[in-house]
Amino acid sequence: MLAHEGDGEICRLTLHAPEIARRAAPGQFVQVHPVPVALRPSAPAIDPLLRRPFSLCEIRPEEGEITLIYRVVGRGTRVLSSVPAGAELDLLGPLGRSFPDPRAGRGLLVLVGGGLGIPPMAAAARWAAQARRDAVAILGARTARYLAGAREVAASGMPVVTVTDDGSAGQQGIVTEPLDRMLRHGAAAAAGRPGAANPVGEVWACGPEPMLAAVKELCTAAGVPCFVSVERFMGCGFGACLGCTVPRAGGGYLKTCQDGPVFPAEEVVLGGF
Amino acid sequence: MLAHEGDGEICRLTLHAPEIARRAAPGQFVQVHPVPVALRPSAPAIDPLLRRPFSLCEIRPEEGEITLIYRVVGRGTRVLSSVPAGAELDLLGPLGRSFPDPRAGRGLLVLVGGGLGIPPMAAAARWAAQARRDAVAILGARTARYLAGAREVAASGMPVVTVTDDGSAGQQGIVTEPLDRMLRHGAAAAAGRPGAANPVGEVWACGPEPMLAAVKELCTAAGVPCFVSVERFMGCGFGACLGCTVPRAGGGYLKTCQDGPVFPAEEVVLGGF
Amino acid sequence: MASDQPDLAVQLFGRTFRTPVWAASGCFGYGREFAGVLDLSRVGAICVKGTSIEPWTGNPGIRVVETPGGMLNAIGLQNPGVDHFLTVDWPWLQEQGATVIVNIVGRTVEEYVAVARRLEGTGVAAVELNISCPNVKEGGMAFGTTPGSAAAVTAAVRKATTLPLIVKLSPNVADVVAIARAVEDAGADGLSVINTLQGMSIDIRRGRPHLGNVFGGLSGPAIKPVALRMVWQVAGAVKVPVIGVGGIMSGEDAAEFLMAGASAVQVGTACFIDPRAPLTIAEELARFMGEHGFRNVRALVGAARG
Amino acid sequence: MASDQPDLAVQLFGRTFRTPVWAASGCFGYGREFAGVLDLSRVGAICVKGTSIEPWTGNPGIRVVETPGGMLNAIGLQNPGVDHFLTVDWPWLQEQGATVIVNIVGRTVEEYVAVARRLEGTGVAAVELNISCPNVKEGGMAFGTTPGSAAAVTAAVRKATTLPLIVKLSPNVADVVAIARAVEDAGADGLSVINTLQGMSIDIRRGRPHLGNVFGGLSGPAIKPVALRMVWQVAGAVKVPVIGVGGIMSGEDAAEFLMAGASAVQVGTACFIDPRAPLTIAEELARFMGEHGFRNVRALVGAARG
């Protein structure tokens, strides 16, 4: 681990993990054990017991570094937040399916990130920018404080629309409002085409499941391909426990950790978490 | 916590604990939870779950400080050893019965410390020195490395006889050998009476239970009052769980944490731990 | 987010308990060790150490050992006997203003009955029958492991006392509901769920069991999911109040048990780590209730059964 | 302190297992997810996911949640069915050189028998009967909770297969020894002890159980003392080998089970945290054995029984 900063609630963890940085694609995640390696010499630590999944926020293969942004919500993240910079952590990854290659899709790409769904959009934004894909981001949170990762998204150079529930940053409102407008009228001022209303060709979304369900509904209505990144409690993170299932459209279950976390929206039934 | 140093196995922990430092007497102990307070905001940490008992090695009421010396033997002490200097720890104490007031006893006082039984003898030695009680210490360990606390005992100014199993410090042998000699022939060169063979009037011992049993036997044979400090697994450390019992001579049980850890040797049946 | 201070009082057995967070038997002695750090009258109720008709010496050898997220104990119900309790501890506890529940133990039905008789008319708040004791007459199995023996001891004590009668169930059974129902039918006014799970631990360096008694009772956070499941099952099957016990370390843990259907909870192992636990946990529970709009305990009880 | 490398091989059911540290059913899938991080042929044995005659979809809603020192799962035995196993997974596992034990599940005795029949002659190392499944015909209780139903399913499968037959016992019983004996008498060649303890957990913020299924199976270090106690009891009561399972996270934990009388162990939850766990733990066990002068596993088995 290289750096660890936080205000006790939102933390930013930069790790030296060359192997992961080299192989990872945006949308993938890592499984982190919050207890440093130094405290787990033979017997693993049990408080917490399991690893915790976090999306890759920044992937820097050149530096061999990755960055995670997380919120302290329970025991695991609290223990993690206390780990001093310089300590060694135990990671598994990169895990799961990434967003699709931005070169493969067509038309304007809209990234939608809600709350802690914003950090993975930073990696996605950088990917889209590198692929010179026309893209715009819509980022939303309860208040300005929870827009963690928005700076990293903006750093990709793409236009960003910000909304907050309380108006403390950007417009007051929720992410589906600007998305709905874009789907109907196209996005003005997207990369490189000022003035022109650029029709949306594809949407990638990450955030709370009700938000994902709403985004999916709008995209389905508009006939626009949509990819959603979902969250589930995870036993293993690599497909062995069958603990992280999401109902598959048409019956049965998919594993979030292995078949996802990024799914074509039409493949999954949302609203269960 | 003020300072924490160690080589990964033997650690020395100095704590700011004015209340404990003011009230404690040598032979008493504290119950330390190895997980720092910062990591136990509402729910207590469970790895480890229980507190760990450690004898007071140095008690400095003026500075409001206490020092503990401990050996890393398992999970609890390993977690404790990783706590950085400056962190806040949660302590209960002082707990249990101390050695008897050195002013009350008569004749030469012999302190016998074996291994991790040496640290409490440092506080005892200082107490005896302050009381101007004629005293001498016999300290033993497997090797020189495990003589932690011997320096602090010597700092009291009393003569110290050191023995190790392998001869890596002091004479080769075990503590009962010099004790036996002293009980038979008196101790030469005890404080203030060079040359005179000073008969032993009282023995205080702390160390592994087989050592305590041997010390007790020698003292009984010699008719010399003996106080032993015993160790037991502890549930609570303050008399509530009945988990730390030692068989009472004459039947029934005594609580190590409340009736001890220091007992008149004749009151307890040793050899059970 | 906090609203006005929620009301922690609970009415059970025709009496008001100041809070629903009680001290569990065997983890609070007879209260004396705790009097220095808390006001005993502020604890919802104190279940004193399992008390028998004659003094019991308890088990030899090592009696407690830590396990992952829990601890094993094999105290062997060491206690000074009910007469000592009545002459020495009870007067003192009354002076402290404590609400006291007496956990009673016996090797035969007659011994249980004898202890209950002695408590009659003393003013203790209730009797709690610990039916995890070895049943001497029926060959050493605990009374609490079959519906028949559990009901028999309950019925006998029921006849011997007018005090509220709580029966504390053993978790070491296949069907806790069958035992709960049998005990309710036999006259219990309430059920404490659960006592410790039977477990063991081996000292691999010495190559022998840690505990002198080989087996011990597992308590602490490790058993919380089992306790909570049994509280959920029992509370759904009986009409009498259920008191949840097992691994409660925080106000949030207590809220889980109340939401599962418990009318009150007991904290055991937590008292060893924080001797103020019954009060700390009650304060945390009040904070949780305030933040989530529960104005009184009744609103919380069974809230997750929806 | 280390002496020459101790011998980890164990002979059971007339065959040699490379180590006594096996992967527990449901925690290692069909091995595929682990092939990238370890050599499957080096794992003592792989107990594959509980496999039924037809594919099972498993439970809706949240399926796993962490608890203190443990986890609850309510997967609902999702599996692709024995035919999928035989056509897709088994050939692949054979290519990897894996030693495979097939954990079988059913809702009726006939379903268990049907799965066992399909495995006949395939060359899998053994069948492991998971008798913690709901017994549809006897009204939803698990087969493993009464000696009679446990013996009945064991006897039926015994008749249907010449493969070594291991029966995996449920810990949710009052008297595990009675069930162990019944199952041994019915023809089991070995016993796995234990499956998960039934538990639950409540999401107090949403005011409802965490798991979609309300109840789940508790695994992980929290249950180790209970598992170890049952291994000790069962190993003292039966002649067939006992395989210890429950909360094993390290070589020292494995040594505890072997010293208690287990002839081998399985690791489940540990595989989620460290996918190399079966090998890591075997290495740690070898180190412990070397340091304490145990030259082979046989010397360790039952060493604490004195």
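As written, the chains take the letters A, B, C and D, and residue 1 is the first residue of each chain.
One rule holds for everything that comes next: a contact is a pair of C-beta atoms (placed from the backbone, for glycine too) under 8 Å apart; a residue touches a chain by one contact, two chains touch by 3 or more.
According to UniProt, the chain labels map to these proteins: A, B = Dihydroorotate dehydrogenase electron transfer subunit; C, D = Dihydroorotate dehydrogenase.
Note that this is a predicted model, so its numbers are computed, not measured.
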Most distant chain from chain C (Dihydroorotate dehydrogenase) by Cα centroid: A
Return the distance between the CA-based centres of chain C (Dihydroorotate dehydrogenase) and chain D (Dihydroorotate dehydrogenase), expressed in whole Å. 34
Averaged-CA centre spacing for the pair chain D (Dihydroorotate dehydrogenase) and chain A, given as whole angstrom: 36
Please report how many Å separate the Cα centroid of chain A from that of chain C (Dihydroorotate dehydrogenase), as a whole number. 46
Chain B: which residues touch two or more other chains? 43, 46-47
Among all residues of chain C (Dihydroorotate dehydrogenase), those touching at least two other chains are 68-70, 220-221, 249, 252
Should the pattern of chain-chain touching be classed as line, ring, star, complete or other? complete
Please give the residue numbers of chain B that touch chain A in the complex, ascending. 38-39, 41, 43, 45-47, 75, 78-79, 82, 84
Interfacial residue positions of chain D (Dihydroorotate dehydrogenase) with respect to chain B in the complex: 68-69
Chain D (Dihydroorotate dehydrogenase) touches which residues of chain A in the complex? 33, 42-44, 46-51, 76, 92, 232-245, 247, 251-253, 258, 272-273
In the complex, chain D (Dihydroorotate dehydrogenase) touches chain A at residues 26-29, 32-34, 49, 57-58, 60-66, 68-71, 73, 75, 78, 220-221, 249-253, 269-275, 284
In their complex, what parts of chain B are in touch with chain D (Dihydroorotate dehydrogenase)? 46-47
